[in-house]
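What follows is a group of structures, each given as structure tokens.
In what follows, chain A forms one complex with chain B and a second complex with chain C.
Right after this comes the complex of A and B.
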């Protein structure tokens, strides 16, 4: 494991400018290629469009929570280099919230109807997760907020984005490109979070128990939010979407043919992937995974 | 329902609501900074000429940069703290862009200290930071912590930003080429931050004139620290008394644009 100084040197604002702002975001508009739009097959199908709005609302809610937590981490950071890093993460999360909000507009939500749409469709468990995380942020508990934001929230977001990207890569390049930029950012947040948590726990091993308790509580809300998302899913392989896909190019993720899975199977696959990844990351930083329990 | 954003040639041609949407977005920030940061590393062009400094010049520059670092740290912590209490989403997004600007400023100043041979910038800042800028930082963060939106925004985006804008612009005129480039890049960001602060506060004061008294109170509370910080910085930059500009004038002009007058 590297020291804090070595770690931080890979996560400077300069590095962020070169890799994100002047890197994968160069030439994009609201996160996707200029001129791309939501596909006609989606806009023309009321059921699928409503479902896309509901899913996008969850992304907006999660990113708003991540924005608030990242901004709080700037002020709570124990060293100025970490504070600088979290300034870049704050802007990443603000950008994600903005591009997903823009997608709601692109899907036909009226500009003055966005907040109502968010309020009406946000999953209760996702809101409970946000409350629990932001309560730690308000207390300026740097380690707890870092674990919640960079390991659990960004960990969940990373896999959800990957799954959505796999499903939309062929039929909806605009959304897939938006997701690809967010995936690149989340990967950076996960790397920083894991390394920084490891250095903090090495300095203060007594806090491992706090991290385990927090993971047990917040993981519950992660799984519950995924269950709420898939409970609303339409029947698999909706005709218009299937028709839009090149028959020779099926969506694959984690070795599974996504087009062949029912919503319940998709939920199981995503929840399993998220949890396995949590376990692996926790094991690398010396924390024992705790089975989620309803708080 | 189109996914494409209309290209805006001049944001000032937009209606007020559309103007706010445009200038408070990540996209606007991205277009703005790309123009002047492209091709720079740590705030200056890689081929910028390093001018030899005497020991005394170097020592004074290190002291000045250490104090700038305190100001930028306050701005970073202040901007990120304001995200939590901002009254709407657009304002949060703008403040997120401001937080990364402030993080960049702190980083390029620390890097400049490294280029000047300072091995441990943190220790050097601790040793050289002036009492007035440290006190300013303490009071700014107290305002942010108290969730007093107008007062905290005034202290951060009007007072602190106007102070930094004026000092950096003046210093860039006499600084060595590398420091000058670093400061000129920062000044471009500060202009955007001041504009946001003045617009947001101006609008809120028009809507709720009773808030003017609170802003006047904050101004009176911080004025002495601002003037003291100006005096210390001008002395450390090494500008002869006869050539010293009235640094307080630009700060007071920004404040008077909000109709707060001069105390």
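Right after this comes the complex of A and C.
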């Protein structure tokens, strides 16, 4: 069986090209099928459109953070194979930041109003998460940045994207297709992160405590950001009415009927899923999950 | 090797010959084209795994082999490049355990 070093070096630019650029992204336009647009029921409803803009702002903020962290990991990588891999991840994150920014424009945000919209609607806890992660990136702490970016930020993003995809699959195929592409990319990021962190901790077990402290701190901001997101959420409206007319199109995720859940219940389901996955991923690499504590 | 089943779990549940499966071309497009029929998306609650399928615990993609899978087998998930050992859960379903 091949060793982990071989596995890491198998994340080649060629593999990325065949899987992403020539794979799931082939023929797409801003991450979705050419010609798809945001649905009329969303664009015509001011409350729903404003809510969609607020949610998309969080995706832009998270992806910009991931972009900065990934770019820093290229420079901080201790080996050439990891640097090449992070060049591909950097492009993935740049693409995600761009397609979600494009969605803001598609939802009616003026081109010169994007930065104001991001500044006004970004959740404070998401910004605190980004500050804490990018502080490690600035110090060129490869392991800490890798844990924050690939395990925690991408781990959260993976499940947020999955939940959003389940909710929009029937009522908004354009956004669902954009999310599906991002989910595909996150799979690679999560796996590379797990493998690389495992090898680093095997070489330097003394840093296990650092990883546990970082996870405890950053997980707090993850949960706080999710709480801020759902605190603003009105009960689902248009998609639910459509789903009620056509039960076959009701949104399900993790065995739950999403159209039947209140915002607080959705938050609880998402936070539980994110934390359980954190625990399993950490356990696979020999790190003990720490209950989040406000830093 | 194209099939994700890299190594049989020799001696485990081997009394009966393994079933063979013909894999259709699905819509999975997250790996290079020649490998796509070996993977599919998990469709969530209500989805059922066939005897030649196991879920990757890392990326949640269903891995499909041309042969029936059994505990002890080693399979490869190209979607996230994970090597897995197949186990049977208490509920009787096949599961993948990540190998480092």
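Following the convention adopted for this analysis, the second predicted complex is superposed on the first by the 278 of 295 C-alpha atoms of A that agree within 3 Å, B and C clash if a C-alpha of one lies under 4 Å from a C-alpha of the other, contacts with A are read in each partner's own complex, and residues count from 1 in each chain.
The rule we apply is simple: contacts are C-beta pairs under 8 Å (C-beta built on N, C-alpha and C of every residue); 3 or more make two chains touch, one makes a residue touch a chain.
Quick caveat: nothing in here was measured; it's all calculated off a predicted structure.
When both complexes are overlaid on chain A, chain B and chain C end up sitting side by side without clashing. By the document's definition of touching, neither partner reaches A:63: not chain B, not chain C. In the superposed pair of complexes, A:217 makes contact with neither chain B nor chain C. Contacts of A:34 after superposition on the shared chain: chain B is touched, whereas chain C is not.
By the touch criterion defined above, A:252 lies against chain C but remains apart from chain B after alignment on the C-alpha atoms of chain A.
Contact with chain B, but none with chain C, is seen for A:174 once the two complexes are overlaid on the shared chain. Counting the residues of chain A that each partner touches, chain B and chain C differ, and the larger count belongs to B.
When the two structures are aligned on the shared chain, A:229 is found in touch with neither chain B nor chain C.
Of the two partner chains placed by superposition, only chain B is touched by A:101; chain C is not. By the touch criterion stated above, A:267 is placed in contact with neither chain B nor chain C.
Shared-chain residue A:19: touches chain C; no touch with chain B.
When the two structures are aligned on their common chain, the gap between the nearest CA atoms of chain B and chain C comes to 12 Å.
The interface of chain A with chain B overlaps its interface with chain C at residues 22. Per the touch definition, chain A reaches chain B in the complex via residues 12-14, 16-17, 21-22, 25, 29-30, 32, 34-38, 43, 64, 67-68, 71-72, 74-75, 80, 83-88, 90-91, 93-95, 97-98, 101-102, 105-108, 174.
Residues 29-33, 44-46, 57-61, 74, 79-83, 98-100 of chain C are the ones touching chain A in the complex. Remark: chain B residues 1-5, 25-27, 30, 33-34, 37-38, 41-42, 73, 76-77, 80-81, 83-84, 89, 92-93, 95-97, 99-100, 102-104, 106-107, 122, 141 touch chain A in the complex.
Taken together, the chain A residues at the contact with chain C in this complex read 1-2, 4, 7, 10-11, 15, 18-20, 22-24, 26, 166, 184, 187-188, 190-192, 194-195, 198, 252-255, 280-281, 284-285.
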